[in-house]
Amino acid sequence: MSLVATLLGTAMIAAGVGFLLFAALGLWRLPDTLSRLHALTKADTAGLALVALGAACLSDTPAALLPLGLCALLVAVSGATIGHLIARRLMRRPAA
Amino acid sequence: MTPDLIYPAAGAGLIGLALWRLATCGDTLRRIMALNVLAVGIAMLMLAAGRETLMLAAGRETSTLAAGRDTLTRAAGQDTPQTAGAGFLQAAADPVPQAFVLTGIVVLVAVTAALMALAERLGARDGD
Amino acid sequence: MMLEFLALGALLATLASLPRLILGPRPADRIAAAQLAGTGTIATIILLGAATGTPALYDMALVFAALAAVTGLAFVALGGRSS
Amino acid sequence: MVTETSLLVTLPFLAALAAAAAPRAAATLGMAATLANAGFAALLARALLADGARETSLGGWEAPLGITLRADGLAALMIGMTALVGSAVALQAMGRPAPGRPAPAGGFWPLWLATLGAMNALFLSDDLFNLYVTFEILGLSAVGLTALTGSRRALRAAFDYLSAGLAGSLLLLLGVALAYAEAGRVDLAAVPALVETMRGRIALALVLAGLAVKAALFPLHFWMPAAHANAAPPASALLSALVVKTALYVALRLSLEGGAGIAPARAALAVAGSGAMLWGAWNALRAERLKLLVAHSTVAQIGLIALALGVAGNPADSTLWQAAALLMLSHALAKAAMFLAAGRIAEELGHDRISGLNRTELRPGAAEFAFAIAAVSLIGLPPTAGFVGKWVLIEGLIAREAWIWVALVMTGTVLSAAYLSRVVSRCLRGGPHVAPGARRPAWHMGDVAALGLAVGALALGLASALPFALLETTLT
Amino acid sequence: MSPVVLFDAALALGVLGCAALALTLRDRTGTVAAFMLTGLLVALSWLRLGAPDVALAEAAIGAGLTGALFLRGARRLGPLRARPPAPAQAAAAALGAAVLSAALLWAFATAPAESLYPPRVAAALEDSGVSNPVTAVLLNFRAWDTLLEIAVLVVALLLVMTLSPPRVIPDKLGALVQPFARIVVPVAVLVAGHLLWQGAEAPGGAFQAGAVLAGAGLALVLGGVRVDRRVLRRALTALALAGLAVFTLAALASQAVTGALLGYPDGQAKAWIIAIEGALTLSIAATLCLLFTGYGRRSAR
């Protein structure tokens, strides 16, 4: 396996994990719910996509691309949708 | 804490936690949740014991390890596990306690569904 | 060796969503924390797969992703007091 | 070729599915399956008497990997008991409309057939984890039977029953996990190996604690009286007579396998049993409602059987454990008859308060008569099966000069006579005590079932050679 | 301290912490969220203990479905109604629980744990028809346990039928749910099929596939598809009962052929196992869905 792919993959995974850690920090420190949702959806889309892409680079068999790609797509879609649904629910009933 | 003591300790901790909560709380939902945590603790103790077997076998490099090959690697069509990071690699646990824990999980969800149905019928009686 | 530390990082990111889950004044915050923890678990599994070089874990990450989607839906539909 | 052991364990489940799928035909399907099951039980007993016990390993895999179904004398006796009592209770359930609201597919028959299948599988099983799964089926279907009436008290009792049952099952599972960690296997053949080491004994103690919760043995019995008293009569008859026996059967099986090494566990059983006898009798003496009295008498009788189990000593050198088996059988027949009769009495009088039993304008009917005969068998007067069981037990104890236990069994008998006579004395009205125009309650299917069981307890006393012959073929 | 030991320690502490949260938080949604997170972290620890099949089942059933059941129950049972126990009693209970768990840890940690099963499973794996040892144990060596386990599911369904608690109506989720369900449900069905098919060689099998399929069904119900139409519910009930019927009849048929209950004719073991697993997947999915939606006629808030 070429050294470039390994380095590239590891760098992407590191960036992905960084995104996740920042999202957790944002979720904790940001003032109100809507801004926290903003941090959450970033982790779902960018963070996990980077981790999946990095893992795809590291794995030597191309067969691993399909599950990783589908997983990243599914998490991105569900993260965005559920973030929207939480915000919508918050808008209609501020207390709940 | 030697590595192979972490998971039995976590299992025993879960059991202690669940028993403490069962003894001190009367709320129906919390009691059902405590019974679920108790069952997870028991499963962790059993699987940790199952893994120890293969660890011992691995030390003696008996035919057990060769035959009970790591299902993960064989599933991917590779014959020899990659040596990239040997740290996280471990031999597959003894399959029979895995079957016990799988059966235990399904039985537990059935009983939990029944307990929830009873609690809701009782709860409904108060509400309506 | 680097991948193990990254796997540890992903696990810590999952556990880092706990403070919001405890504090969260409103159910919406707790649902967000649960959603982030789900994503963190999926990332941890992908990293375990990468570290041990076993692609079967990538299939498992896909299953976890499908379940996290359903769980998120359940939380939004049934969490907190009914509308 | 399909043997009767495999039919015994699979037929009830298939019948339960059919009854759930076709609710209207549930009663006829259920009755047919119950009678077929009784036929297979008789066939099994005859085969065992002819050529002794036999073990069939499922799927052809030998133990410890596979599971073996062990059909020996003790298992056949228990399966016969379940079939007999089950047929009588099914007869009574046929007679009256299915208790509780006519649920779409649920209801009495599917739950009863699932209970029957679970009990047959449990009596034949030879594997600790398999016992855990069968106990779960039994627990769930018994809770279903308890909650059938849908009344608030029944639902509360069913919830407590299921959470206590689940806690008992998890204790059992913890014991199985420790047995696996210690002996590396979970079938009953591991018990002799478990008995030697300290951890093995802790594992068996956990298993027995789980069984004690499921058998409602004394300090852990609080969930049981409410559950048995508030269920519908056929359901409480099944619960008291059969379901609580399964845990005692497994304790007996462990005592047979453990031999001498399990003596401390037997001592604990004996102490808990004597405590249960006294506590059950005390509560029965104070009970106001008839069904509650019968439920508390179950606690006392379970104590007696546990005591018989405990003092039986090492099965290798004494056959005293057979007395415990016979006591289980006689209690099952008598208690089922008593609960059915109590249900009929409550129907006739409209209430089940003990103080209001001797109504002057109602002559005692067949139900009171069945209740009296069942009481005779429970107390253990000749010639009932209860008497034979107690006689063999006390004879063995006297041979071993264990005077304390003899005294305890005697006090248990006297106390049971005391609390049962509270009811029987009020039932035997007649002559001057009844108004001239008093009517006699009409016959009913329930009476036939109750009388049949009570006479069965009597007949079993006379023909008690058959159970003992069957018990001889038990593999110890 | 190598990163692997750190990972295990963090995971174990995470599991204990989340379980403690699930049992002590006062807010209902918080307890269920913590319980689900406990399930996910326990699934991770099953992976670390070399049990991938169990990790799948724990995530699908332990975290996903049980969590959904608790969410439904929390909505019906309302806020926490529990008066805190007397401090003395709480302390005594805590002491007793600590002593018991320490004793358990000693018993399990020092147990010799030389299991008899791995060599026997390895030896018998060839003629068991499948190469995944867990599926071989579940569907061949100890198939009787699995059959009784399906019976437990059926009896739980009978109990829920008899009780039929009032149905809980999920909140309206607006227009975006339909397209979302249109993506999630096909993927879940695809994943379930993949899990079922690869169950013979790799982690997967009837239970995991059935649970993921039930997840897809849950997504439809929460997305607003009305399940209380009589025809659909009757069909699902028939499907739920069919699993146990197929398994039991297959067991009796195998005895008629080979003379041993659940003894598949040699050479055709794989075909029998795949057929049984297919029926089980559909029946487990139907049962788990019905256990969640329930049978109540009266809808309740």
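Letters A, B, C, D and E mark the chains in the order given here, with residues in each chain numbered from 1 onward.
The rule we apply is simple: a residue touches a chain if its C-beta (ideal position, glycine included) is under 8 Å from a C-beta of that chain, and two chains touch if they have at least 3 such contacts.
Everything quoted here is computed from the prediction, not taken from an experiment.
Q: In the chain contact graph, what is the shortest path length, in steps, from chain D to chain E?
A: Minimum step count, chain D to chain E: 1.
Q: If you walk from chain to touching chain, how few steps can bring you from chain C to chain D?
A: 2
Q: Where the centre of all protein Cα atoms falls, which chain's Cα centre is nearest to that point?
A: If one averages C-alpha positions chain by chain, the most central is E.
Q: Comparing the two chain pairs, does A-E have more C-beta contacts than C-E, or is it the other way round?
A: Higher contact count goes to C-E.
Q: If you average the CA atoms of chain A and of chain C, how many Å lie between those two points?
A: Centres of chain A and chain C (C-alpha means) sit 10 Å apart.
Q: How big is the gap, in whole Å, between where the Cα atoms of chain B centre and where those of chain D centre?
A: About 34 Å, centre to centre.
Q: Using mean CA coordinates as chain centres, what's the gap between chain A and chain D in Å?
A: Taking the mean C-alpha position of each chain, the two centres sit 58 Å apart.
Q: Cα centroid separation between chain B and chain C, in whole Å?
A: Computed from C-alpha means, the inter-chain centre distance equals 19 Å.
Q: Which residues belonging to chain D are in contact with no fewer than two other chains?
A: 65, 129, 133, 136, 140, 143, 147, 155, 174, 177-178, 180-181, 184 - these are the residues of chain D that touch more than one other chain.
Q: What parts of chain E, by residue number, touch at least two of the other chains?
A: 2-4, 7, 28, 52, 72, 74, 104, 108, 111, 113-115, 117, 121, 142, 145, 149, 152, 155-156, 159, 163, 171, 173, 177, 180, 184, 187, 198, 202-203
Q: List, in ascending order, every residue of chain C touching at least 2 other chains.
A: Within chain C, the residues that touch at least two other chains are 1, 3-4, 7, 12, 14, 27, 31, 33, 48, 53, 55-57, 59, 62, 66, 69, 73, 75-76, 80-81, 83.
Q: In their complex, what parts of chain A are in touch with chain C?
A: Residue list for chain A touching chain C: 9-10, 13-14, 16-17, 20-21, 23-25, 27-28, 33, 36-37, 40, 43-44, 47-48, 51-52, 54-55, 58-59, 61, 63-64, 67-68, 70-71, 74-75, 77-79, 82-83, 85-86, 89-90, 92-93, 95-96.
Q: Where on chain D does chain B make contact in their complex?
A: 65, 129, 133, 136, 139-140, 143, 147, 152, 155-156, 158-159, 162-163, 166-167, 170, 173-174, 176-178, 180-181, 184, 186
Q: Can you tell me which positions in chain B touch chain D when the two form their complex?
A: 15, 22, 28, 31-32, 35, 38-39, 42, 45-46, 49-50, 53, 96-97, 100, 103-104, 107, 110-111, 114-115, 118-119, 121-122, 125
Q: In their shared complex, at which residues does chain D touch chain E?
A: Those residues of chain D that touch chain E are 1-3, 6-7, 10, 13-14, 16-17, 20-21, 56-61, 64-67, 69, 100, 103-107, 110-111, 114, 117-118, 121, 129-130, 133-134, 136-137, 140-141, 143-144, 147-148, 150, 155, 174, 177-178, 180-182, 184-185, 199, 202-203.
Q: Mind listing the chain E positions that touch chain C in their complex?
A: 2-4, 6-7, 10-11, 14, 17-18, 21, 25, 27-30, 32-34, 36-37, 40-41, 43-44, 47, 52, 55-56, 59-60, 63-64, 67-68, 71-72, 74-75, 168-173, 177, 180, 184, 187-188, 191, 194-195, 198, 202-203, 208, 212, 215-216, 218-219, 222-223, 301
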